[in-house]
Each structure stands twice: as structure tokens, then as C-alpha cells.
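Shared chain: chain A. Partners: chain B in the first complex, chain C in the second.
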Partner chain A sequence: MINFVKKHYLIILPIVFIVLIAQMDKYDQLTTSGTFGAAIRLAIPICLAGLGGMFSERTGIVNIGLEGMMIMGTWFGAWAAWLYGPWYGILAGILGGALFGLIHAVGTVTFQVDHIVSGVAINILAAGVARFLNVVAYADQPTQSSTQSPRIDGDVGDFTLPYLSGGADTPSLFGYLQDLNYPFISDIAGLLLGATSNLSYISIFALVLIPVAAWVLWSTPFGLQMRSVGELPTGSESLGVNVYLMKYIGVMISGGFAGLAGAYLVLESSGIYREGQTAGRGFIGLASMIFGNYRPFGIFMGSGLFGYADALQLRSDDAVHGLLILISLILFIFAIKQLIEKKYINSSISIALSIGFLIWFLNSETVPSEFVYFTPHLTTLIVLSSASQKLRMPQKVGQPYRKGELS
Partner chain B sequence: MKLSLKLTTLLAPVFAIIVAFGLSTIMLYLIGEDPIETFKIMYDYGKTGKSIVSILNRSVPLYISAVAVAVGFKMGLFNIGVESQYLMGALLSAALGAAVALPSFLHITLIIFVAVISSAFWAAIAGYLKVKKGVHEVISTIMLNYIGTGIIAYLLANIFFEKVELSTTAPQTDLLPETARIPSLNAFLGIEDLPNLHGFIIGAVFIGLLYYWIVWKTSLGFDLRATGSSPMAAKFSGANPARLTILAMMISGAFAGFVGIAPLTGYFFKYTTDFPSGLGFAGITVALLGRNHPVGMALGAILLSFLERSAQILDLKDVPKEIEKIMQAVIVLTVVVAYEVVKRYVTNRQIKEASKVVADD
Partner chain C sequence: MTLAIDLSNISKSFPGVKANDEINLKIQEGTIHAIVGENGAGKSTLMKILYGMLKQDFGSIKIFDNEVNFSSPKDAISEGIGMVHQHFMLADNLSVLESVILGMDRASLKVLNKSKYKDEINEITEKYSMPLNTQSMIDELGVGEKQRVEIIKVLFRGAKILILDEPTAVLVPQEVSELFNNLKNLKDSGVTIIFISHKLDEVLEIADEISVMRGGKHIDTVDASTVSKTDLAEMMIGQNLPTPPKREKNSKQDKALTIKNLTAETENGRSAFKNINFSINQGEVVGIAGVEGNGQRELAESILGVYPIESGEIILGETTINDLSTRDRRESGLSFIPEDRQSQGLLMDVSLSENVILGKQSSTKYKSRYSNIKFNEASKNSNIVIENFDVRTPGNNTLALALSGGNQQKFVVGREIENKPSLLIASQPTRGIDIGAQSLIWNKLRDARDDGLGVLLISADLDELIGLSDRIYVIYEGSFVKELDPENATPEILGSYMTGLKT
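Up next is the complex of A and B:
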């Protein structure tokens, strides 16, 4: 137990602090079922993008183009959903993303362009294509605009767990526990209630895909072949694996996931295609993949964290204000840790920052809305800089592979 | 037939442009427009005197942005954050420039200095995170773009805007005084009947030369390029990769600081919410297109500005002008593939020739 706490204190302490802060009335939005429900809805696209990144990087291809593939997912998702209905939107989003995955694969696998250069080019291309298609596709609509689609009805019905969360007019156990307002118990009940009520079928579809993707990549021969390509392509080739094909499949699945993430954003969050609505979520997905150490469960946890930050940003400025004291406390702990390690300069910087955040917290009522907006991005940066050292990435990720050449 | 390496490399962008035109022809055809007619309208509009001035004015910040990106590329660093770097520099220098009264030369120097320093420090954060925390610069610079945009919006609306006594509600800084404005070149060139050709175009030429000098003529530049092409070899030759990474990000950011100068001192004279944005991303396109070469990027910037300007006329003809965005994007994607193909072709030929020389001996 003590060892567990020692090892994971960076995860446990913030959670404990958040729960403590949430006991204050002003900050109770930090742990309500509403916030958690929003967090899950926002975490899903990030998680899907992260899984997409994983499929690509496991086959050795860096995919910075996730954002662009996600943009394609938003556009195609919105367009097909507007024409035929939400499920077609999901399908079109996946196909649109996969198409751009194919372009990335042609660039990086066949022509061996630098992976990041190709990815950046994909992002530029996707933005241009989405803008063009949007003008052409909705040209004769009364709402025509180069940056928006008409409103889309993404309603596919939703599902609430009976008895535990009160679905189908049954009593709600979690709801009851949350209303009791006991520390911890009510907060956890809030989390579970948010996670199990009013989930649309699209969300459920996406949530089911996550373990399926993990299973395919980790427990099937196909997944093993895919992973081997990212670790030791020459070895895989000698065992009869078609390395190029595997890489193509990996990148296209990657694009499909990113496209699904985009379609999900349109159908679940906004109900409309809007230029720039991905807002860097493809990159945040990539960050969650790095944070999750290229493993599905890690990605799930990472995207949960970023989704939570995103949900706070959307739901409540007050709650973000509560995060200031959290940052101050965490910095204080860092300072103590650095003091024990005799890093006096770093320690004093941490102390100074900690006090700075404390003063800011005490002297203000809210965080300016401009700052609230970048909470998820700042969280991403902070999390990556405190967690990205002990990673094990696929051996040959980012390196070109040519058949018949030893590397 | 023997083609030189440089000449073969030139084939790549030409090929890319042809592919881009081909694809846009198909697209125009698919949406029921006459491709030849469309290109002709674009060309006719793009070659008028007014358009040429506008194209040159557009290419200046675009070119500088490409240079900023290219400095990073030369060391294998991807500075996607030029966007927020130059906006940060532009905002701070606009605010300070409007607050002081100085003789013209000093005033302009001060504005440039502030922009360059603040952009460089904003870029340094990404370098620091890469070196000390192992965060890949692509992710950190992108996140810093969002964070920077937020900070800029806050500073503009809450710190700098309150001092402005105007009837407008759109957040903006005070107007720059006359002494802080760089004059246009029209009187000098004798083209008074055309729109203003902004004077900072000369600055852009100097920036190109400065870039060339730093990257190809200094030992720092040598270390940068060496680290870019072979990090291991560079390390053994005594280059300090950590120091170089931070330094390269800062130099890249410093160049980014120049991006906002032309719009700020040339035609905006203040920082507002409509201050030209997106130049940082467009700069990536130009850097890829021009292969990080000072002249190549200049041509790339002019080409892109030409496309952008000449597409303006399409709105009047009921052709979606967004076709230009696709052309840009296709050019980039094709050009990176084409460069790779050319590079492989040239290397293969060099190997063949070398083995022939060995065999003949």
C-alpha cells in the first residue's frame, strides 16, 4: 500500500486535492455528475484520436496528421449526417479520416517522406479541402457559409443504466449517494453517475471500440504482426509479414479512428460542423498517447484527464478558479520533493510559483475567460512535461523502412 | 544526358505546381466551372499593377515566417509555433510602440527589438521543454499556440485596451505615431498611382541574407545543420545539442518576431483582433515549398501570395475562391513527395557513377 502510494503519488495527490477542494460550495462543480458526464463526452474524441495515434505509431509511422484526419472526420461526418442521418455521418467520418490516412501512408511508406513533414502537409491539406468542400456542398443552402454547415440532428437516442443511475424510471443509487454530500463517497458516486447516464448510442459505440481496439492490437496475431513492424521490420519481413501492407493498414486505421473522433465531435458536442472546432484535439490525442506510453489503457487514462480539463473549461469558470489552489498545492509538493533531493534552485522556483498561484487564487474571484479557454492545452503541456521521461516508444518509430535494406 | 543536382531539384516544385493545377482543373470541372476560363481570369487579375503591389506586400510577412520555420527545419526542429510567436511579438511591440515618443529611427528599432525579443522568449519555452522535459516540440509549440492566443486575447482586452479612448468596442491598441511608421516605396519608385508598396520589403531582403549568413556562414549555423542531418556525428564533433536546441528555437522565434513588423508599421499601425493571423502556418507551407532555401522560399512566398490575390476575383465570377486553398495544400503535399523522389533518384545516380569511377580505375 505504501509502495503503491509512493509510486503513484503524482496521480493520487491531485485526486485527493480535487475532492477536498470540491467540498467548498463554490467549487462543487469540480466533481458533480454533470462535469464528469461532460468529461467523458469530451474524453472520447481525444481517446479515439489517441488510439488512432497508437495504431499508426505501433507500425512505426509518426502521425502528426491526426488533427487533419480529424478535421476530415468533422466535415464528412457532418455532411453525411446532414444528408442521410447520424450513423451515416459516423461511417463517412471514419472513411474520410481513413482516406487521409491513406494519403499519409502513400507519403511516408511508399515515398518515405519525413513523417512529420508529411503529417504537417496533411493538416494543411485537410484544412483546405474542408473549406472548399464546405463551400461547394452547401452552396444552395440558405445558411451557406465557408466555415459552417447547416445544423445537424445528431440525435440517436441515449441510454442510462437502470437502478444504479436511474434509467427507465428506476431508482438511482448513484444519484442518491451524490445528494447525500458525503466527502469522497458522493464525489465517486457523481463520477459513476456521470459516466453511466444519458450516454448516447454513439458514445457507447465509441466506448465499446476502445477495448476492441486494445484487444485487436494486443491479443490477435494480426495485432502482433502490426506491432512487430514498428519494433523490428527486418525481422518481421524475414518471418513473412508484409511490412508495407501492415504499415498501410496501421495508418489507415489510425485515420479511421481520428475521423471517427471528428464525426463524434460534430454529432455529440456541437451538432454542427464549424471550422476549427477540432481545436487541437488531434494533437491532444497524440499527447495522451505519449502520456499513456503507447498503450490503450494509458491512453484511456490520459484522455480522461484531458477530457476532464476540457469539461471544466466548458462548464464552469468557478471550477477552473479552484484549480489555481490545486496547482499551488502540487507545486508546493514538488518543492518539498526537490528540497529532499537537494535541488535548492529548482525548489525555490517551485516555492515562488506556488506562492504566486496562491496569491492569484486569494485575490481573484474568477479566472479570466481567455485563460479558461486554454485549460486543456495547458494541462497537456504540464502533464507531458512532468510525465514524458520514462517512456518506451516502438523501437523503429519515425524511421523509414525500405524492403531489402538492412538498418 | 547529365543534369546537375540543383537543376534536378528544381524539377520537384515545377512538378508539384503542375499536379496542383491538374487536380484543381479536375475539381473545377467536377463542380461545373470552366477550368481554362477560371485560370485565365485569375492570371489576368493577378498581373495588374494593383495586384502585383498587393502580392509583394503579402509575400513579405509570409517570407519572413517561412525563414523562421526554416531555421528550425535546418536543425531538424519543427517550429509549428511561429503563429503565436509572431502575434505575441506584434502585440507587445504595438503596445509599447504606441506608448513612447522617440525619433523615427530609434522608434522603429525599438519596435522591432521588442517584437524580436518577446517572440524569441515565447519560442524558448518550447526549446526548454524539449531539452529538460523531453516534450516533443511539435506538441509543445501547438499547445503554446493555443495558450498564446488566450494570453494575447486577455492582454489586448484587459490590459492594453483600457487606455484607448475611442468610440469603438473592438479591443485594440493605440495607433502608432508617425515616427513609428515605415514609409512606402511608391515615391521612390515613381509609382504614385498604385497602392502603397510597403517599405519593409527591403527588410525582408535583409532577413533573407541574415538567414543565409547565420545558417551557412557561421560556425553556429554549421553546428545547427550538422545536428539536423546527423545528431550523433554533431555531438561527437563537440556540438552541445541541448544548448543548440534552445538556441535554434530562440533564433527561429526571433525571426518570427519580424513577421508582424510589416503589417504593424506598414498598414495596420495598431494591434487589433483582425491583425493578420495564420501567417505562421502559411510559413510552414512556404518553407516546405522553398526547401528552406532563401531564394526558393522567396519564390514560394510570391507564388502563394499570387494564388491568394488572384483568387479574390473568383468571388465575382461565382467560382468558389477556396479552390486556391486546395491548390496550396496540394502543392505542399506533392512537393514533399517530389523532393523525396528526386533525392532518391540523384543519390542512386551518384552511387552508380561512383561505382563506375571505381570500376574504371
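Up next is the complex of A and C:
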């Protein structure tokens, strides 16, 4: 137990702080089931994009085209859902993303184009293609527009855990605990209630993909071959692994995940395709992949963090104000940690920032609304830049590989 | 006895080069067959053809009397051929178990049966007494263990024929003898081994038969028990085997470099090296022997000013250079031959005349009053280097990547020596190059020493260290454990200090 706390104190301490801060009435939105439920919904597209990035980078291909593949997911998802219904939308979103994954793979694997160049091209191309298709596909609709689709019925039904969260007209244990307003117990109950009630089947499908991705990569011969290709393509080739094929599959799975993320956005959040809807989530997914150290559950943690901050800014300006003291506390812990490691300059910067946030917190009642919108990005940035874990990226990621060449 | 391998008339051309020219080679089952030759003699090409990585232009391959036609290593593996490459084909981020079983199964989505594989691997490690922990990650292993993983990987695939490409290049003498014991065990249980090397002593020790290649041709196959080293060398290069030039001490009293109590830590707080004390006189070569990763690289880089030190003093000539930047250190007379010429010594996509500027780009030698580069000067100096160091190139406009490894290295060494330093740090100055280039570099280093240059020589080639150095320090786990006179040093003695067997 003590060892567990020691090892994970950088995750545990912030949670403890959040719960403590949430005890103040003004900040109780920090730990309600509503916040957590929204956080999960906001985290899922980012998590899916991050998983997509992981499949690509594990096979050695940098995929900054995730954003573009996600755009294809939104458009194809909306179009097929409009024509045939939401599940077809999901399928079409995956295929649309995978198609652009295929383009990226052809460029980077077969033609050895620089991965960044190809990825940027994908992003530009996707934006243009989506607009073109939108004009063509909805030309005879009364609501015709170059940037929007008609409204889509994205309802696939949802699921609430019976007895624990009150699904199917059963009593809700977590709901009861949350309403008791006991410190900690109610907060944790809020978290569990948010995570287990009113989840749409699409969300469940997406969440199930996380352990599935981990299982595929670490427990099957296919996953072993994929990982080896990103680490050591020449060696894998000499053991009979089809490196090109693995890279193709990896990048296409990557596109499929990004496409699913896009379709999810359309069907779950907005019910409509809108240009610019992805709003950089592909890139944030990439960031959560790095934060998650190229591992599925780490990616889930990273995207959960962003989703949580995003949910807070949507639900309550007050709660965002509570984050200031949280940031201050976390920076303070960091300062101490760096002091122990004798990194004096880093430590003093952390201390100064910590005091700055504390002063801001004490001298204000709310946070300016401009800052509120910016919260998720800022939180992600702070966590990313201070995440001191040892990142271990695939050894040969981003490097061109030619078959038959021994290095 | 059956023939394990029967190659007839194998030819392979690359644009402009005939890498293999009508090679005929027969190898008996259950023997150790060595293939020797200089770099570029065509050994690697032949082995890649045998392992299915390249396709021959002409000729046929018979394995155990079956004519085969390989299109990929997978085909070769299924015929019982396995190869251990010189540079290990291991991914740091995989476990031993994963590395061994990689590629065994088709890329399917069924569950990997790890416990079954683990038992099978342990069976092999016990049978050939090559202990290994299957759970370890590759980056936790030492060089010798990594090589063992490679061999087990091949045996696990049921290899009857084992190709070892320069297996001893990365090992210290004790590890070499361990490897040789393992190889003898393998031979006794019927495995055929092809041993590629250019170290003739080792080849004579381990091999039953030796084939010599030169310039893409198979010169001869001889019995190891009857052939002498000199004969082999003559077959290999058509002239006598070069040895490092004999020493005559010629050092002067003035110090070129003095190191006092130098200590440094690695990034994760471990000690990189501690309390290093030594000095180099002008006209003296001081060698540092050590197994890779014992602090010698960090030591060289800290003298150069690239690696941060904790405490201690670095004195170049008479002045303390602790606080100088790397650029200032180079300008006050320090030169450096890096261990990896391609990533640290040269810009591969740039011409030789521009490459000669590297390291002196900010000195007035190549910088005009208006901060322009003096390209004429660079062109002139690159021609001097090319001429003095016999760099084989069409001209100084040739890109560095067009040169062979030996010529690249000659150019790097030439550039650093022609800069007329007072101290030269030479890190692996002849690694992986052919005998001709090696002997030229040795001679040039010796000439420079005779002219009063102080040299710090770091090398994994123990013969080179013994041959060139005036004094040798052995570094082990970051400390100098022994100072040796090369007159009395042998590779075995050095090796036992390098591995901590003796202190």
C-alpha cells in the first residue's frame, strides 16, 4: 500500500486535492456525477484519436494526419448516419478514416515521404475533401450548405448500470451515496455514478476498445509483430515479419480509430456534421498518446484529464476557479520534488508559478471567461510539460525503412 | 559426411561493383567453417544471399542436397538456416521471450502461448548451457547476453546451420572464450556453423576449415590445422599482415593534458566516472581500455566539454579549461575523432571540402572578417587532407556518403590531425574499417605523436591499444583500476581487468 502510494503519488495527490477542494460549496461541481459523465463523453474522442496515434507510432509511422482522418470520420459518419442510421455512421466513419490512413501509409511506407510532410498533406486534403463532398452529397437538400450536414438522429439508446446507478428503474446506490454529501465517499460515488449511467452504446463500444487495443498489442502474435516493427524493422524483416504490411495495417487501424473518433463527435455531441468540428482534437489525442507513454490505459488517463477540464469549463465557471488552487498545490509538490533532485532553477520557477496561482486564487472570485475556455488546453499543457515520467517511444519511429536494407 | 551447404557459381553485382564473382563453396555438416576477408571482400553479400536477404544474379544453392530458391529470410529459416548479425537485431523494448518468439506465429489474433514458449526456450538454454532469464527486457542485458539471445533465437527456430557475422567484434576476450565454448557445444550436437571474421587468431582457434575471400572472389578453402596466420593474411590482402608500428618512447616533459580528480554523474544520478587522475605528455599516446559503457565515452566527452562534470579539473597544456565552451576548447588546441564517423564526424550529404570545416567553423582559419566562410581555404585544405591521408575519392566535391567507410574515417582522422592540435582524443579511430585504412591511420597517428602531439586513445580493439599506446589505463565501472605498460600487456590481461576479474 505504502509502495503503491509512493509510486503513484503524482496521480493520487491531485485526486485527493480535488476531493478536498470540492468540499467547499462553491466548488462542489468538481466532483459531481454530472461533471464526470460529461468528462467521459468529452474524453472518448480524444482517447480514440490517441489510440489511433498509438497504433501508427507503434509500427514506426508518425501520424500527425490524425486530425485529417478525424475530419473524414465526421463527414462520412454524418453522411452514412443521415442515410442509413447511426451504426452505419460509425462504420462509415471508421472506413473514411481508414481510407485516409491508407493514403498516409502509401505515402510514408511505399514512397518514403517524410511522415510529417505526409501528415500535414493529409490534414489539408481532408479539410478540402470534406467540404467538396458536403456540397456534392447534400446538393438537393433544402438545408444545403457547404459547411454543414442536415440534422442527424444519432440516438442508439443508452445504458445505466442497474442497482448501483439506478438503471432499469432499480434503486441507485451511487446516487444515494452522492446525495449523502459525506466527504470522499460521496465524491467517489459521484465519479462512479457519472461513469456508469446514461452511457450510450457507442460510448461503451469505444471504452471497450481500450482493453481490446491493449490485448491485441501485448497478447497476440499480431501485436508483437506490430510492436517489433516500430522498434526494429530490419530485425523483424529478417525473422519473417512482413514489415510493410504491418506498417500499412498499423496506419490504417490508426485512421480507423481517428475516423471513429470523428463519427463519435457527430453522433454523440452535436448530431450534425459541421466544418471545423474536430477543433484540434486529433492533435490533443496525439498529446495524450505521448502523455500515456504509447500505452492504451495511459492514453485513457491523458484524455480523461483533458475531458475533465473540458467538462468543468462547460458546467461551472466557479469550479474552474477552484482549479487555480489545485494548480498551485501541484506546482508546489513539483517544486519540492525538484528541490530534492537538486534541480534548483526548475524548483524556483515552479515555486514562483505556484505562488502566482495562489495569489490569483485568493484575490479573485471567478476566472475571466476567456480563460475558462482555455482551461482544458492549459491544463493539458501544464501536465504534459511537467509529466516527469520516463517516456519510452518506439525506437525507430519516424525513420524511413526500405526493405532489404541492413543498417 | 553430408554437405550442409553447396554453393555453385554464385554471382551478384551492384551498380558498379561485382560483389560476388562465381563463388563455389562447400561446407560439411557439423563443422565450423570460417570465412575471412577484408571489408568489401563480399563476405556479407554472400551471407545475405545464403540467408535470403538478397537474391543472387546467377548460381545455385543446395542445402543438404536440396536445391533451394530463397526469396526472403523466412524461406531460409524454414530450410534450417539462421543468422546472427554483427549488429544485434534486438529491440530494447521487448523482453527476451518476445524477442525469441517474434515471427514464430503467423500475425494472427489468437493468444500467444507464452508459458509453452518459455519452457521450450529454457530447454534450449539448458541443453547448450547458455543461461538466460526470459523475463528480462533486452536493454537490461550485457553485450554477451544479447548475443546469446540472438543465438537462442536462431536455435529456437530449429536451425541446423548457424551463420555468425563477426560475432567477436563486440566482445571482450573472456566473453569470446565463453562464446567459443558455446559454439563447440553446438558443433558437437551436429550444428553447422559459418563464422565470418577478419580476426585471424580467432578463426584459427575455432574453425575446422577456412575460406578466404578477396575482391568478391573465393580465393581458397584451407584446413585450419595446417595453415599459418601469415599465409592466411597473404591470401586475404595479397601482402603481409600489418601490425601496429613498434613503439619507441618519444614523449617530452611538457604536459599536453592533465586531469585532476574528475568526477561526473549520469542523468539518473549514477556515477559516470569518479576521481579520474592522469596526464598526457606531449608526444605520448595514452590508451584507455574498457568494456563499452564503463565511462570512457563520458570521460572523452567531458574533456571535450560536451558532457557536464561534477567536480575536478581539466588542464590543457598550462591552462584550466573547465569553464570554456566546447568551441573554445577546440580553438585552444583540442581535436576529437568521434567513435561514430557517420553521425558525429561528418555531414553525410555534404561535400568533403565543406566537411573539412567542421569543428573549425568559428575559427579564423575558415571565418573571414565579415563572418563569411572561406571556401577557397576549405577547398585547399580538404585537398591536403585527401592527399596526405590517401582518401580515395574522385575529388573534394564528392559527398561524404559516396565514400567507403575506411575512406570516410581516413578523412575524419586527417581533418583532425591537419588542424594541428596539441591534444587529440581518438575514440575508436579504426573501428570497422579495412586493414589498409587501418594501417594508414596507425602510421599517421604515430607520426603525429612523434611530432609532439598528445593523444588520448580510446579503443575496443585491444591489439590497437597495446600497439599504439605508451601507457594504458583500464577503466572499470567509472574508475581507473590499473595502469599497464603495453610492453607487458596482452589482450587477456587487459580483458581480465576490463571485466573486473582482477583489480
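In the analysis below, the second predicted complex is superposed on the first by the 386 of 407 C-alpha atoms of A that agree within 3 Å, B and C clash if a C-alpha of one lies under 4 Å from a C-alpha of the other, contacts with A are read in each partner's own complex, and residues count from 1 in each chain.
By our rule, a residue touches a chain if its C-beta (ideal position, glycine included) is under 8 Å from a C-beta of that chain, and two chains touch if they have at least 3 such contacts.
All values derive from a computational prediction rather than experimental measurement.
Enquirer: Quick check for you: in the superposed arrangement, does A:Leu173 touch first (chain B), second (chain C), both or neither?
Expert: neither
Enquirer: Touch check for A:Thr380: first (chain B), second (chain C), both, or neither?
Expert: First partner only.
Enquirer: With both complexes overlaid on chain A, does A:Thr220 touch chain B (first), chain C (second), both or neither?
Expert: second
Enquirer: What is the contact status of A:Gly128 with respect to chain B (first) and chain C (second): first, second, both, or neither?
Expert: first
Enquirer: May I ask you to decide whether A:Ile103 touches chain B, chain C, both, or neither, giving the answer as first, second, both or neither?
Expert: first
Enquirer: Could you tell me which stretches of chain A are touched by chain B in one complex and by chain C in the other?
Expert: none
Enquirer: Which residues of chain A touch chain B in the complex?
Expert: Its residues touching chain B are 64, 103, 106-107, 111-114, 116-118, 120-122, 124-129, 131-132, 134-136, 139, 146, 279-280, 283, 286-287, 290, 368, 370-371, 373-374, 377-378, 380-381, 384-386, 388-389, 391.
Enquirer: Can you list the residues on chain B that touch chain A in the complex?
Expert: Listed in rising order, the residues of chain B that touch chain A are 27, 31, 78, 80, 129, 132-136, 138-140, 142-147, 149-151, 153-154, 157-158, 281, 284-285, 288, 320, 322-323, 325-326, 328-330, 332-333, 336-337, 340-341, 344.
Enquirer: Please name which positions on chain A make contact with chain C in the complex.
Expert: 216, 219-222, 224-225, 227-228, 231-232, 234-242, 245-246, 392, 394-395, 404, 406-407
Enquirer: Can you list the residues on chain C that touch chain A in the complex?
Expert: Touching chain A: residues 48, 51, 53-54, 72-74, 77, 83, 85, 87-94, 98, 101-112, 153 of chain C.
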